[in-house]
Amino acid sequence: MTLDDVLTSLFPTGHQVQRGPAGTLHGLAKVEGHGKVTVVGIVGGTPLGVDAAILLAGHVLAAVEASDRAPIVFLADTSSQNMARRDELLGLNEYLAHLTKSLALAAAHGHRTVSLLFGHAAAGAFIAAALSSQSLVALPGAAPSVMDIPSISRVTKLPLEQLERLAKSTPIFAPGVAPLFAIGAVTQTWAADQPFAPRLADLLRQPVPTSDLRDQIGLERKGRRLAQTIAARVAAEAAAHA
Amino acid sequence: MSKLSQTFKADWYEASARERIAGLLDAEGFTEFLGPEQRAMSPHLAQFDLTGAFDDGIVVGRGRLDGRPVLLAAQEGRFLGGAFGEVHGAKLVGLLRAARDAAGPDGPHAVLLLLDTGGVRLQEANAGELAISEIIHAIIEVRSAGIPVLALVGGRAGAFGGGGIITACCSRIIASEHARVSVSGPEVIETNKGVEEFDSRDRALVWRICGARTRYLTGGVDRYVKGSIQNFREAAIALIAHTPAFELATLKAEQRRLSERLQRFGDCRDAPEIWRKAGLPEPEHIAEISDDAFLAIQRIKGADHDAR
Amino acid sequence: MNDWQKQRSERNARLNAGSHYASGKMVPSDKAKAFLEAVVRPGDRVCLEGDNQKQADFLAEALADVDPSRIHDLHIVQSGIVLQAHLDLFERGIARKLDFSYSGPQGAAIARALVAGKIELGAIHTYIELFARYFVDLTPHVALVAAVAADRDGNLYTGPNTEDTPTIVEATAFKSGIVVAQVNKVVDKLPRVDIPADQIDFIVEADRPFYVEPLFTRDPASVTESQILMAMMAIKGIYAEYSVKRLNHGIGFPTAAIELLLPTYGEQLGLRGKIATHWALNPHPTLIPAIESGWVEQIHSFGSEVGMDDYMSARSDVYFTGHDGSLRSNRLLCQTAGLYACDMFIGSTLQIDIAGNSSTVTPGRIAGFGGAPNMGSDPRGRRHPSAPWLKAGREASDGQGTLTRGRKLVVQMLETFGEKMKPNFVERLDSIELAEKLNFDLAPVMIYGDDVSHIVTEEGIANLLLCRSPAEREQAVRGVAGFTDVGRARDRKAVEALRQRGVIRRPEDLGINLLAASRQLLAAHSIEDLVTWSGGLYQAPSKFRNW
Amino acid sequence: MEQFQVHGASKRRAGGHRRQVITGANASGNLEVLVERVLPDLECQVEVATAVTGFRPIWEAVIKEFFERASPGGLRFSINDGGARPDTVTLRLMQSVQLMEDKA
């Protein structure tokens, strides 16, 4: 899907969302039953670097400052973090962390945060642009990944075919929507056959979890069987020793 | 005995995760949660013909720092590069949630993260990545509950990938000269963008781009310490009492700080260019001088901040 | 009438041909190829200076670029076949025959080229042998050497990496050959003159400094506890036992461990001034702590080492330096020093058989010899006595006969298993198989078993001087071969008997607790510590940094 | 990857009162050893998980010699191996026994 397709399907009555520098997106739109929403995003397959991250965080913080609790919709069609010496020199880790923290702060201030992924997002960009909202929705064209299989093959020195075979039996490392849904990273998957607007309205209506339930969901979906139990055991031991 | 041998035992870089804990905390009373005897190991490694670790490469528990109760996690950088897998990550998530739930007068005074990680463990990449997001989420909850989270970096694996992002989500960051804090590793950039972009075998360059000195001078690290465990301990004790709150004002200040950095130094490609622009003395030698001489340098304006 | 001046006429013709591309002695770098085509003739013996450290790499590339229809069938006579360009000479048909000493990184490529018939091999030499043959039957027609700088007259300053240059130039210049030097720069005044101008015919100012490999830098961070244990045993059981003051070390990690233990463990044993005071040794950075702690009186070096220049200049009481202050190395003279003036060689090897023969040949690789076989041999021409030499001699002769001659201590250090659990002890050396496959007349053996006095492994020390029969020797070797097949095939009773006699000594026999072998004993645990020890004078190569 | 156990008898109970120690790390050429005082006084056992297959006879020889040398009665050793060589294995096992026998 193109960005326009996505925007049209999400906001059929129109929107004031505009492209900004460094592949960023920013503006306002309306969702039936919720009123105004803030839209931010990184699109066009642009790698997420320091320039985009600081702009996006700025938009998010401005929304928080507006104190209107309007939902924030983050549209993502990026690639990975910008792999460049200059970005690392400037401290890309701080910029991505800042974006992530800003989204968390917005959520804490009552803004419902939703990331909609309709293209690529890998590694650090996946964390900052997709996993930092309260909900992550995979739209048609979503291609999330942590690391592609050829890269995994290069690093682990295991043959590509063996990894591809393994990827079919476990969601634990394979790229794609399905494995990331199974482990609890992706909240919902929307197909193209129905308009997105009512679904977004529906999602925004659902109660916000008071804490991070993704490990619980991963357990229920049988994609990540250990994380929730391990975290709970550690917490229980900590409480017992208190 | 030589002058160097005496300090050897206390060297952060050389020490294991458990040795770091032993040297960092007060002598008595470290309690490990989900210890190695419980064999909470990764079930995913065997299919890659790898053996696991009894603690999955991370030690979590409770102890005291200068008498104050703290929770602590230490990554073992020698096991799979300290990388985050499902169990490894979940142990840290559990620890942070425990800190959040225990917040209050009798709760922990801080959570210490002894990071030593190459990032996500590729053999369980999805679980590791999501764990990193959960850890960040939990760090923010802990900080929001008024408990500082301190990152201590100085091991051989550095803090790369999601580990670099986690670092910058903490309230304060302490690092020694060997530390590297970054998102994409030099090898990854070289593989994707070519050796002209980043020659990962030029180790001096690697440290100029993402080493502790570069980070400290521009404000990416709050405290630069000489590499002994004792120095990390003293810095942690000193910093616990002075940490930024997680609130709008803090993030607005961080927005200003990072925007300014980008404006001033956005066209630089090597650290000495930044140092020259900032007017630091003898920028071409800063990477070479002794720790003592380095610590005597006045940091770049704004590098000492509460904006994190 | 006999013409007794043919070589001179030939030389003059070449000088004349070369001068078309030169202004005086100076050849512009962009004319290097055409120039070489003018002065080199088919069938020439050519030395392209290069060893395990410095390389005349610019000239090597220029020579590899000449037209093979004009220049061919060269006979390469040089220390090192190390660069890709060296191999290209053979691949492109410019060179055909090869006499060399060391190959290191190109070992596999040389083996392939031999099998493919691209190289006609004369022999693999030790450094001294090859240099010796320069003056007998392998004298170069053309020598292409490397130096740091030349002045306008053509005097050369080699810098600390003098290495082979004086020897190569001596053999070539004084037998009517042509000597061409690549230099990093041409200057008005040299810091010192290493090679006088009248031995140099042409100078090329290269477009980049010549390459130097930091071959002798060992990162203390990589020293293992087993290597420390071996080092402790060697210090206590050999250095102290024989009071070895004059010695040479190999480049492996076990000997680096020894260097790093001198100021700590050696100090505890009260050995400062009693052992390891005079050295024939490259400038090992790992020796810095011992030097700084007052252990070392004097070092002569084969070559230099990247990053050590300032340190050595500042420690001229220890190193040989020119009046300009910088190191002067000399491979031939240092090899001679190691051979005749040292009482001990101690070094690592990759493979050893049950007779104590050792080799660094691994399947499909011809690494050459370098200097180790000379360092690691008992020089039977030696006549001056010394306490360690006489003690070793007495042990070897068992007090038999009225004439006891001395023996050099030749110590091999190796861990019983190598990378990927490959046993380092074998019944038969891989090099024998390689020699058969390639139809060599002589199997490449680095150090012959009958020259070896001691083998040190993590299991213990075997003193082969005290063995009285081949059978005893074999059990002594098996007795320190650990859990390798060779070690597990030992005759336990025989090994125990050897231990009772002190032929085999375990750590506990030497009063060394296995658990004392800790990295805490190392005087430096990182390259950065070495920099600190040197007071900032040692400038570590970037690839070794972790700061 | 390969897993197996080696059982042994011991002449005496290992000294000290520590219940458990862990030492080393599962890294290339290294191993981690977890020791637990859970066996009858005159028994000992090593459980090995190694990434490198095909060396079981060598492991068994190394462990047998270790049992003779250290007499670690009552101790169960669990190893995660990253391709350590026999000398390193012996060293770690000896270190781990010494830690168990420490007063602390």
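Residue numbering begins at 1 within each chain, and the chains themselves are lettered A, B, C and D in the order written.
Just so it is clear, a contact is a pair of C-beta atoms (placed from the backbone, for glycine too) under 8 Å apart; a residue touches a chain by one contact, two chains touch by 3 or more.
Quick caveat: nothing in here was measured; it's all calculated off a predicted structure.
A.B. asks: Can you check which chain pair, A-B or C-D, has more C-beta pairs in contact?
C.D. replies: Between A-B and C-D, the larger count of C-beta pairs in contact belongs to A-B.
A.B. asks: Of all the chains, which has the CA centre nearest the overall CA centre?
C.D. replies: B
A.B. asks: From chain A, which chain is the farthest off, judged by mean CA positions?
C.D. replies: Chain C.
A.B. asks: Roughly how far is chain A from chain B, centre to centre by C-alpha average, rounded to an integer in Å?
C.D. replies: Result: the chain centres lie 24 Å from each other.
A.B. asks: Averaging only over C-alpha atoms, locate the centres of chain A and chain C and give their separation in whole Å.
C.D. replies: Their C-alpha centroids are separated by 58 Å.
A.B. asks: CA centre of chain C versus CA centre of chain D: separation in Å?
C.D. replies: A distance of 41 Å separates the two centres.
A.B. asks: Taking each chain's centre as the mean position of its Cα atoms, how many Å separate chain A from chain D?
C.D. replies: That gives a centre separation of 46 Å.
A.B. asks: Taking the complex as given, what residues does chain C use to touch chain B?
C.D. replies: Interface residues on the chain C side: 263-264, 267-268, 289, 293, 519-526, 528-529, 532-533, 536, 542-547.
A.B. asks: Name, in rising order, each residue of chain A that touches chain B in their complex.
C.D. replies: Interface residues on chain A, with respect to chain B: 50-51, 54, 57-58, 61, 64-65, 80-81, 83-98, 100-102, 104-105, 108-109, 123-124, 126-128, 131-132, 146-147, 151-152, 154-156, 158, 166, 170-174, 179-180, 183-185, 211-212, 214-215, 218, 224, 226-235, 237-239, 241-242.
A.B. asks: In their shared complex, at which residues does chain D touch chain B?
C.D. replies: On the chain D side, the touching residues are 1, 20, 22, 25-27, 30, 32, 34, 36, 49-51, 78, 80-82.
A.B. asks: Applying the document's contact rule, which stretches of chain B touch chain A when the two form their complex?
C.D. replies: Spelled out, the residues of chain B in touch with chain A are 31, 33-34, 40, 43-44, 47-49, 60, 62, 71, 86-87, 89-91, 93-95, 97-99, 101-102, 106, 120, 122-134, 136-138, 140-141, 144, 159, 161-162, 164-169, 181-184, 188-189, 191-193, 197-198, 208-210, 214-215, 218, 220, 246-248, 251-252, 254-255, 258-259, 261-262, 265-266, 268-271, 274.
A.B. asks: For the complex, which residues does chain D have touching chain C?
C.D. replies: For chain D paired with chain C, touching residues are 29, 52, 55, 58, 61-62, 83, 85-88, 90-91, 94-95, 98.
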